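There's a structure below that I have some questions on.
The letters A, B, C and D name the chains in turn, as written, and every chain counts its residues from 1.
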Amino acid sequence: MNDPQYGWWLPPDVSVHGADIDFMINAIHWFMLALFIFWGGFIVYCLIRFRARPGHVAIYRDIEAKWNRWLEIGVAVAETVVLVVFAMPVWAKIKDDLPLAPEQDAMVVRVVAEQFKWLFHYPGRDGTFGKTGPEFYADDNPAGLDFDDEAGWDDITVRGFHFPVDRPVIARLTAKDVIHSFKIPVMRITQDVVPGMEITIWFQAKETGRFQVGCAQLCGLGHYEMKANLVIESKEDFQKWLDEEHEALGLDE
Amino acid sequence: MDKRLFLVLASLALVFPLSSGADDGKPWDPAVGTATITGSVKFTGKKPRSRPIDMAGADEKCAEAHGGKRLKPDTVILNDNGTLRNVFVWVKSGVEGWSFPMPEGDAMLDQKGCMYSPHVQGMRKGQSLSIKTSDPTAHNVHGYAKVNRPFNRSQPAGAANVTIKMKRDEASPPMKVKCDIHPWMNAYVAVVEHPYFSVTGDDGSFKLENLPPGTYTIEAWHEKYEVMEQTVTIGDKETKTVEFAYPKS
Amino acid sequence: MSEIVIPYRTEPHPLTGVTSGKLGIWLFLASEVMLFGALFSSYVLLRVGAAEGTWPTGVEAGLNVPIGTFNTLVLITSSITMVMSWASLKMGNPGAFKRYMGATIALGMLFLVVKGFEYSGKFHHGIFPATGWPGASDPSTFYGFYFTITGLHALHVFLGILVNIWLLVWGLALYKTEPERFAGRVEISGLYWHFVDLVWIFLFPLLYLL
Amino acid sequence: MSESHAKLGFLRSYVFSTDHKVIGIQYGITALLFLFFGLCLMMMMRWQLAYPGEAIPIIGGLLGETLVDDGAMLPSFYNSLGAMHGTIMVFMGIVPLAVGAFGNYIVPLQIGAPDMAFPRLNMASYQAFVIGGLVMLSSFFLPGGAASSGWTSYAPLSVTATTGQTFWLIGMIFLIASSLLGAINFIVTIIHLRAEGLTFFRLPFFIWSQLVTAFLLLLAFPPLQVAAIFQLMDRLADTSFFMPTGLVSGGDPVAAVGGGSPLLWQHLFWFLAHPEVYVLILPGMGIVAEVIANNSRKPLWGYRPMVYSLLFLGFMSFCVWAHHMYMTGMGTTMSTFFQITTMIISIPSVIILTCLVISLWGASIRFPVPMLFALAFLPMFGIGGLTGLPLGLAAPDAHFHDTYYVIGHFHYVVAPGTIFAMFAGIYHWYPKVTGRQMNVPLGKLHFWLSFVFMNGIFMPMMFEGMAGVSRRLFDPTVYEIGAAVHGLTTMSSWSAWLLALSQIPFIINFFMSMRKKERAEENPWQATTLEWATSTPPPHGNFVEPPVVYSGPYEYSVPGASSDFSPQFIKQES
């Protein structure tokens, strides 16, 4: 496990799809910097060359500039390229290409947001989620499990997020009370979690490590404390963790 | 949603004349209080299931207090002798007309290891609830009072006690207290006009002492189950036993 | 002191062909279109998103179509009397203006009274804005919309009545000195009144019939 | 006429005045006070961010125990401050200053009108604004504190919030009513009361910006009015327009019927709030265009493309609202549509900015204080606009959504952008309003300090956002990322406090200059537009003789003219 280094630029990226996003962000910022330097230089040059001084008279007639048109067209073209070549395909891949095929072997996890913590719900040993519903939510049942449903009794409901590296993860996000936003900076994921809706996202990690899940949408006074520990680990470690969690359920008591 | 203003006004209008009337009761005479009601709360049904709380995933400081051991929610705790813990038993009616002396000190609610202690307690109307934090992490105590004024106060680690004066009766149901940062934390505080209340402990028993002789309605309240009521008439220097059995079948 | 004279109060501006007041009321109505447009779109959005079978039609929800139709006729009639009152001013007949304006106000009040009876009938049956469609596990917000939209519309009618009363009782004094300006005011009030009428003509089928 | 003016009582002259100039000044003073108040709220927030959990110096001890614990801020108070800072700055500070103050004072003068088209409506608009403002402010004294659900007031959080939210909604309804009345007045005034000869393409750019702004206010505010009414119903009548079925709060079911949609609020809100962004920036662009044309002593380059861009911008601003909602689970079709419209709307902004910059070419540039602010506006708004680019695209937004990058982005647009434009306007038109010139060295001191510290506040936010620190966090150091860039947060905070101190020269200048004996010249900037055609300050009724316009707005340095400016209201010998 490596210690993440956070600095003044993008945080480390441990997701598969993040490289595309990072490339876009970096490219756009280079483009912005170039534009800014060009314009800034032009302004400063004008301010010096055309400063008011005795004997200097402004030119009344319009200067005939064509290059500005080219510049504006250039900006438009650059935006179109960014939009069509990068933004749309990348976004479509993130949003639409859910790894549903069995050979993709995606892990499904249900994420419940509540004031002011996350709850992660894994299907447990039997691989099936128990029956859940808003009518089951209670103080001693934060995941909203039907306790009478045996399929759900071995489900793992924890406050920290674990998932294996190199395996797609499908997360089904629900909120109990207000709008939250599921954010993992190192995974380049943000997704609002809206009560009354179940929103499905997917992602895949390419490196292991210990990070944090946060909430990115103001959800009340404990918003700042709405974090969870994130552990991305190897498949073996993840299996080991699942076994430990199974033990902790104390089903054999 | 925003019924608070309305509730405050309505309760002012309703409670004010009532409570001022009640306060005029004659001073309590300890010589009258000779009767006792005892009993226990049995649990007869199937043991309800519960699942452990994972504190470490969200806040390691909480988990450290328990040495990594997973706690289960305090909601339904069954004692070894088949009784139910954390049932609030109190005299709902029958002791009107007295003005009882106030106990000294505040009712205490401690936040320890990201759990509230005690989970259920009673306190007197006019007494203050003092909420303490013993944890190295921030808490936010949120009182969902329906009769009293609701409160919502943050307590960073090491903060001073939050003290709330409870000005009105609120026992049926008691006020719920939650931590807005650790959603698994909850507690109940009942505010009663008189000193005749008790919470069942690890033997499931309760005891209401120093009652004047008379006829009383005894109410038992548990956070998960229905409210139960029994009427009992008790004479001078008498001790009667009242048994409750949960859940209602 | 000499009041400053602001042009185009009574004479139309050559570019727009209307007085300032009339241009102002048209702009105001444009913003009102956005207001009711937002109400209607919200209605559509939630109705489309509602679970199957939870959005009652007006009749299912207990809205009385004959009474609604009656109220529609009341409002349409009041629009006609509003036009007549303006026309009689233009023809220099303040007496007829008073009669027609009085009728407009009375019809507006009749509309509100009928509406009031509809509301109290609903309350009597235990139906409030917060009432969901009974028996549905995922209830709809039909009654919320019904009370909010018709309530806002009734508020508009009420304000229109206030303006008309002002015109009839106090505003008429202006007729003696500046008849054109007064007629302009009546016309502006009329435009607003027709708009409120028009909104009802959309509201009635939306809530009662569909 | 001036004698008869003096006969009006105090109430008629100042409180219930219908004179657009008095109303403009009233708006200006009120808005500046609100801006200052908003700044104070922000300074308290910055303390908590820089020194989390430490007692706020000086005022910490004065606040009640529901707001602070031993002088250290509590999260609920922080959220109130955040929500009210945003609301006050946007709805009670910048809009009233840009539209209410500059619009009211300058528009009738610049088009040669005796007053606004509806003077009494104008007064009502100001009064509604004051009532709305007072309702908002009074919410600070409620037991649960002021609204604390962000200036966006997302449901369901806002529906279940404390009573402060109800006051927020009622205040908003008044502010919206005020803006609607004002918008109608501006449009009618600009269309109907232009002086003879002042055709649409002879209008100063500032008038165009006010016209488009008024249309935006007129058409964008009603949906927010509807949203506010819905939310009030949800709060007071227990309806559930924004409350879905099956909500659970604090372990217990929420007593709402259900069936509503939280996203409905966002759609209604952003349908207003995106045009609102242009309401904030367009008047600023207008002022900057005036100041740059005046001080570069040449006509604006590309006046017509600028006007067309402005109109297009106004229209397009109604088609981009959902780019605030990419992360709400929107499908790819919708997000593609809004990404395209967002890229399209950037083009007219680029054109306007380009025209302003090219206007400097071949000019003869003077550097009075208003010009300094106007020039600083260009790169600052440039940064604000450029950083909107990654936010307008859904994929990078997956990283930037609700981070400090967003805060940095829109503050660059409105703080060093619009507020600098407002300062430019104040310095530029101060002699028109008071008949005195502001002190130049103090003005320059004010400019340079503000320029440095504005960037000191918002540039670090860009890097914090880049690192992935979420906004609206009471204590960002709770997160590893937040702790790692805490130095930037502290730098931001210190810049904020120093920025507040930098306003002292301005405040001194503002009040001391009024008492100067020496009067400014009638046309101190040697400007061409109509507001300089009348005496200073203008009399009641503005113009003794209605002015007639003979030429375009920016006839500077006309070859063969006797001076380097040829006012619109003077017929040139040809």
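Please note the rule applied: a contact is a pair of C-beta atoms (placed from the backbone, for glycine too) under 8 Å apart; a residue touches a chain by one contact, two chains touch by 3 or more.
Given the structure is predicted, the values throughout are model-derived calculations rather than measurements.
In terms of C-beta pairs in contact, the better-connected of the chain pairs A-B and C-D is C-D. Ranked by how far their CA centres sit from the centre of chain C, the chains are topped by B.
Here the CA centre of chain A is 43 Å from the CA centre of chain B. In this assembly, the C-alpha centroid of chain B lies 55 Å from the C-alpha centroid of chain C. If you average the Cα atoms of chain C and of chain D, the two centres end up 34 Å apart.
In whole angstrom, the spacing between the mean C-alpha positions of chain A and chain D is 31. Residue positions of chain D with contacts to 2 or more other chains are 74-76, 160, 238, 245, 250-251, 256, 258, 261.
Chain contacts: chain B has residues 140, 152, 154, 183, 186 touching two or more partner chains. Residue numbers of chain A whose C-beta contacts span two or more other chains: 114-115, 138-139, 142, 220-222, 225, 227. Chain contact topology: the protein chains form a pattern that is neither a line, a ring, a star nor a complete graph. Inter-chain contacts occur between A-B, A-D, B-D, C-D. Residue ranges on chain A touching chain D, taken from their complex, read 4-11, 20-21, 24-25, 28-29, 32, 35-36, 39-40, 42-43, 46-47, 50-53, 56-60, 62-63, 65, 68, 71-72, 75-76, 79-80, 82-83, 86-88, 90-92, 94-96, 114-115, 133-135, 137-139, 142, 144, 176-179, 181, 183, 185-186, 188-192, 194-197, 199, 211-212, 214-225, 227.
Note for the complex: chain B touches chain A at residues 48-52, 54-60, 70, 73, 75-76, 138, 140, 152, 154, 180-184, 186, 223-224.
Considering their complex, residues 1-2, 4-5, 140, 142, 144, 149, 152-156, 159-160, 176, 178, 183, 186 of chain B touch chain D.
Across the complex, chain A is touched by residues 74-76, 79, 82, 148-150, 154, 156-157, 160, 244-251, 253-254, 258, 261-263, 296-299, 301-302, 327-329, 331-332, 335-336, 339-340, 343, 346-347, 350-351, 354, 357-358, 360-367, 375, 378-379, 382-383, 386-387, 389-390, 393-399, 401-403, 463, 466-468, 470-476, 478-481, 484-485, 488, 556-559, 564 of chain D.
Of all the residues in chain C, the ones that touch chain D in their complex are 1-2, 4-8, 13, 15-16, 20-21, 23-24, 27-28, 30-32, 34-35, 37-39, 42, 45-46, 49-51, 54, 128-133, 137-141, 143-144, 147-148, 152.
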